[in-house]
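Following are the structures in question.
Shared between the two complexes below is subunit A, which has subunit B as its partner in the first and subunit C in the second.
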Partner chain A sequence: MIGPGPLWRDRLAFDMRIAVLVCVVLAVLPLVVQGPYAQGIILVSVYFAILSLAWNALAGYTGQFSLAPAAFAMLGGYTTALLDFYLKVPLFIGIPAAIISTALFGLVLGKLVLRLSGPYLSLTTLAFAEIARVVVGNSHEFTRGDQGMHVATLTDSRLGYYYIFLAALVVVLVLLYAMLRSKLGRFMTAVRDDPVGAESRGINVVRVKMIVFCISCALCGLAGSLYGTFSQLVSPELGLLQQTGLVLSMVVIGGMASLTGSIVGALLVYLGSEWLRSFGNWQVIVFALLVILFARYVPGGLWGLMLDRLKGKRA
Partner chain B sequence: MLLLSLDLLANGLIYGCFYALMAVGLAMIFGVLKIVNFAHGEFFMVGAYTYVLVALKFEVSPWIALPCAALAGAALGWIVERLLMRPLYRGYASWGFMKDEYAVVVTFGLSLLLINLVDKIVGPYSYKGPSLIETSRFALGPVMLTGQKAIAAVVALLIMGGLAVFLKRSVWGKQIQAVAQNRLGASLAGIDATRTTALIFAISGMLAALSGALLAPMVNPSPDVGAFPAIKSYVIVVLGGMGSVWGAMLAAMILGVSEAFFSVYGSYDYRDAFGLAILVLVLLLRPQGLFGEKGREL
Partner chain C sequence: MDIRTLRTLIAIGTALATFPALAADPPILIGASITQSPPGSVVQGTQVKDGMEILKDMVNAKGGILGRQVKVLYEDNQGIPEKGRAATEKLITNDKVVALAGGHQSSVCLAEIEVAHRYKVPYVNTNCWSDDVRKRGYPEVFNTSPYNTLVSSSMATTLAAMGVKKVVAFAENTDYGIGQAKLTGELLKQKAPNIDYKYETLDRSSKDFTAVMLPLRANPPDVIVMSMLPPAAYIVMNQAYEQGVAPSAKTLLYDGGGLVDYPDFWQNVKEGGKHLLSFALYHPAMPQTQLAKDIAAEYKKRTGADINRLVLQAADSLHLVLEGIKSAKSTEPDKLAQAMRTMKFDSLRGVSNFSTKEGFGYQQWLDIPYVNYEVTEIKQPVGQTVMLQAPGQKFDTSKIVRPK
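Here is the complex of A and B:
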């Protein structure tokens, strides 16, 4: 799937080209898909695509399985909401503030947990995510608890919002591509594939993890903040573990360590879950089942399947 | 003040028994495969539901429903190992997925699957579990207890005693210890490591299900009832030193008692965050757990 050697660079460029193609398709999609409901659905799937990209940078490329992406989205949303509610800070400051505050949260949490590895890291981030949700949900005086908080909105036009989300997606995509192309990108995969070997070659493993963790958290914060202003409401539900599960399933189904995989996975899973919504919670059942089957039998995800097809060989 | 403290201590210890029952299975799985089972809470949930539904639908005595729950948990554990855990020790790492990652993804997915599947089959309602014995509250010295709590704690202690004897004395128990210490070495000595792992998963599922069944009258099972017991067992397993069964038992008592005190003297609203905060603290200060390098001892 993620072979070493010269192929890797080509594969990244190929991956990026397809991802850009998908974004172009997304840009013209609202012309085909009419109606606020349908456009709202593709908008939310773009939100999940940003989260999936952020999580994939950390999990797929760096091998750090955080279980807190939804929690960081929630923290980003609340940063903007609290600033708006208490200080009447305009959104063009409130949204960057969400990025900065989640990056800082990521810095502190990362400092604490990134020396841990494997299941320990997952456990700590899971604990952090649940603590954040319990605290936000119980601080009634400050965050209004489970009722959620009202947030100002950037624009009333749903189509306008869609293009804001899409622009954010493209920015995130370009940022990750630049990251992966740079020395940091090769450090990331080195840390994932062989942390001890990377350390022995002089790579500061904890620092690489730290940088990627902060960036990933900040991107989740951006997504959460934008989502909050779109729905004009942030609530602890943004940080539910089920949301993290959704992000995880998008990446696993789309393909670990693939830009296109994250975006396409997010689109397919979210559109699929909307379609399945009429069947009640069959949606989560189907996706949980898909995650298990993909992890068990198709570890490369759809992207890996496609690469195998193109190369005409088995992984 | 003193009486209240005694009361809290007793209740904390009783909850500690249930936590221990829950956490020991998780510790055993970690001891052998070095993975965290993120679906452990759903073993608890399945046990609680089996107990309640068998007792209510077939109108049998709870004392018959209890072993049914144990069986259901054991069967679930066994199936999970057979279908999903095999790749962990049968050369799957070369596929590109790492062992830890595979385990996180699969058990997390399994957890979501079981919660929603049960929600679909049984419905999202919570059921009132029947008590094992019908007594009202009684006083044990200065401590007030309900009959259900007392008898369930006794049953939990008996089960753990039985487990301890099983691990120490029986051939299977010794095989489990051997595989936990050194999988390859145990295989070389002629132990079927795969079968032993299946046995561990069955025992782990059984213990979690039993703890769910014993707690069913107190928590009223709903599909997501396993979440907090699971988080508590993560705390306990980390606190006790990953993979150490005895560490887990002791850590369960510590958590049970400190939680009881926190919810009275600390904040009741944040009691669910308390265990998590302990988990984070322990992982930061002493990732090997309170009981040192016993990580490999079962």
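Here is the complex of A and C:
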């Protein structure tokens, strides 16, 4: 295997190769990990991996810190659920509709907030996330409030769902890789590293942020929609800030600006959260401490740690 | 005694000592997905666990069921549907429980019954009031819990009997709150169409309800109905009292959530709790089986507190499963479900038969006993409250004590 090269393109390619390797491991995992519960846990980890990738595209590669990934997942889930519940729209239309609706939500919100920078973007998306959750929870007549909505399922097979989620993860991975390899990807990192410089070189910074924000929202919508059909229920709890906190810790622990880091972080944190379930809210404290420690001492996350080790060996 | 004889004796002794352990049957495993940490109601989760643990210990002390000990495996769902779904799946597929009991929050129950239905494992709903849990019509789901239609119907009948003209309901923004307030309004239209009824939806996470109190000071209703749970319910009650809205000589406060049952009720509500009318599912004067009395005594011994309806409901859920196992003489989920469906179940609160009619009554114990009482003193034990409606009796409006 070729190690990480000095160029951004080589590093990205190396990152992608490892991410694909992780996906291959995930694909053969059901041969070893059997039983619907264990497979279900890994499946939910894959849901979080998609959310983490979507958030990482925005935060890690573009430097825009949204606090609404879980809220967009909830909106995606509700789009599919509402279409199914009221109009009996089949899921093969309901799921793409979730992607489109969340992209449109992202577009509208982006128009309002993406001219802001620094903490303002985070605060605005945080407010949006809470408002969205409260509105969904309070619209009892329309969304059935906090008891949630029943959603049809794609298949009754646990293994079938496992591979549907894995396929979605691979599609998201390939899409992000293609995006990062393209001109847009270079613009994204330019916006992240030096927005003023990027603007002065003719890059439409707001437009780049807007495109990435919409794509990120759409991917969250896809994840939420698929998740709703898997659990056959969407509820306002899907958009809890605590869920966004999990996504953030997954990316920080796995590695910002890394495809592999997002996936590995999601797997480790969710599996850990399930393992720590009997400790109640202590798990929140454990992950919060881990995030602080990683942010302070290992800012590149596990991915950065691995790259450092590889570099050390090469030297 | 030579060394050979000694060795033989040791071998025989060891074999005899290990034989009972080898021969003993493994315990019967029952699953319980409950809230043990926020954001869900930890108070409810604790009471459910207390009730189930007491009954389990009593049953085990008497030799268990079918000669096997009973073990309840608890999983924390934090009151989050996804956690409840995962916990239920773990209990069924990993831990191989034969049935589940203890569900106590409607949104979580709705997620969990999907899993129980998929694996065809009996699920006893302990305290999920939403009618929708029954409306799914899943044959694995048994409901010993109170249900919204029961509570709303009783409250509407009471309000009609009181002959009031204007009623305002405070409903928390949950399925429980809004569902109960809406249903009460619909039933009032049938039972007493002349009553002017409306409900206000209040955010359960809010801390200030002055805005909804002020209009009521100018134009007080005859009754304020509370479809709210702690802690928001406590804040509403305190602010209603401080603003002079209710309870007052003009306006009574009527609770539909069993607030007095909560162990922290009097810590949070003082004067505002005096003269509260309460729909309640437990009162010491209600008929109880000897087992229920024993559980109440044990609960008092363990916690120092008087028993309440949720502890009994939880014990009753486990009791149903265990009686089902006894009746089926098997722990096979399908045989157990069939037995639970058809057997005569002597519940802790009276004989219960599960209805088979579709809708809110599906596999529901319809005739859950209830009472209405009035709290007339601060920190008044439930047994000393003024009984306004004994089980199966009519509401006696003449017994209502109004504040001066």
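Just so we're on the same page, the second predicted complex is superposed on the first by the 306 of 315 C-alpha atoms of A that agree within 3 Å, B and C clash if a C-alpha of one lies under 4 Å from a C-alpha of the other, contacts with A are read in each partner's own complex, and residues count from 1 in each chain.
Basically, a contact is a pair of C-beta atoms (placed from the backbone, for glycine too) under 8 Å apart; a residue touches a chain by one contact, two chains touch by 3 or more.
All of these numbers come straight from a predicted model, not from anything done at the bench.
Visitor: When the two structures are overlaid on chain A, which partner does A:Asn138 contact: first (subunit B), second (subunit C), both, or neither?
Guide: Both: A:Asn138 reaches subunit B and subunit C.
Visitor: Check whether A:Ser278 is in contact with subunit B, with subunit C, with both or with neither, and answer first, second, both or neither.
Guide: In the superposed model, A:Ser278 contacts subunit C only, not subunit B.
Visitor: Report for A:Gly202: first if it touches subunit B alone, second if subunit C alone, otherwise both or neither.
Guide: Neither partner.
Visitor: For A:Met256, select first, second, both or neither according to whether it touches subunit B, subunit C, the two together, or no partner.
Guide: first
Visitor: Return the chain, subunit B or subunit C, that is in touch with more residues of subunit A.
Guide: B
Visitor: Should A:Val113 be classified as contacting the first partner (subunit B), the second (subunit C), both, or neither?
Guide: first
Visitor: Show me the subunit A residues, by the header's touch rule, that subunit B contacts in one structure and subunit C contacts in the other.
Guide: 134, 138, 242, 280-281
Visitor: Which bits of subunit A are touching subunit C when the two form their complex?
Guide: Spelled out, the residues of subunit A in touch with subunit C are 35-38, 40-41, 44, 134, 137-138, 140, 144-148, 150, 156, 231-233, 235, 237-238, 240, 242, 274, 277-278, 280-281.
Visitor: Touching residues of subunit C toward subunit A in the complex: what are they?
Guide: It comes out as residues 36-39, 75-76, 78, 80-83, 85-87, 89-90, 92-94, 106-107, 110-111, 114, 118, 130, 132, 136, 173-175, 178-179, 201, 203.
Visitor: Which part of subunit B faces subunit A closely enough to touch in the complex?
Guide: Touch list, subunit B to subunit A: 30, 34-36, 38, 83-84, 87, 95-98, 100-106, 108-110, 112-113, 115-117, 119-120, 227, 231, 234, 238, 269-270, 272-273, 276-277, 279-280, 283-284, 287.
Visitor: For a test of understanding, state which residues of subunit A touch subunit B in their complex under the given definition.
Guide: Those residues of subunit A that touch subunit B are 1-2, 59, 63, 65, 67, 112-113, 116-120, 122-124, 126-128, 130-131, 134-135, 138, 192, 241-242, 245, 248-249, 252, 256, 280-282, 284-285, 287-289, 291-292, 295-296, 299-300, 304, 315.
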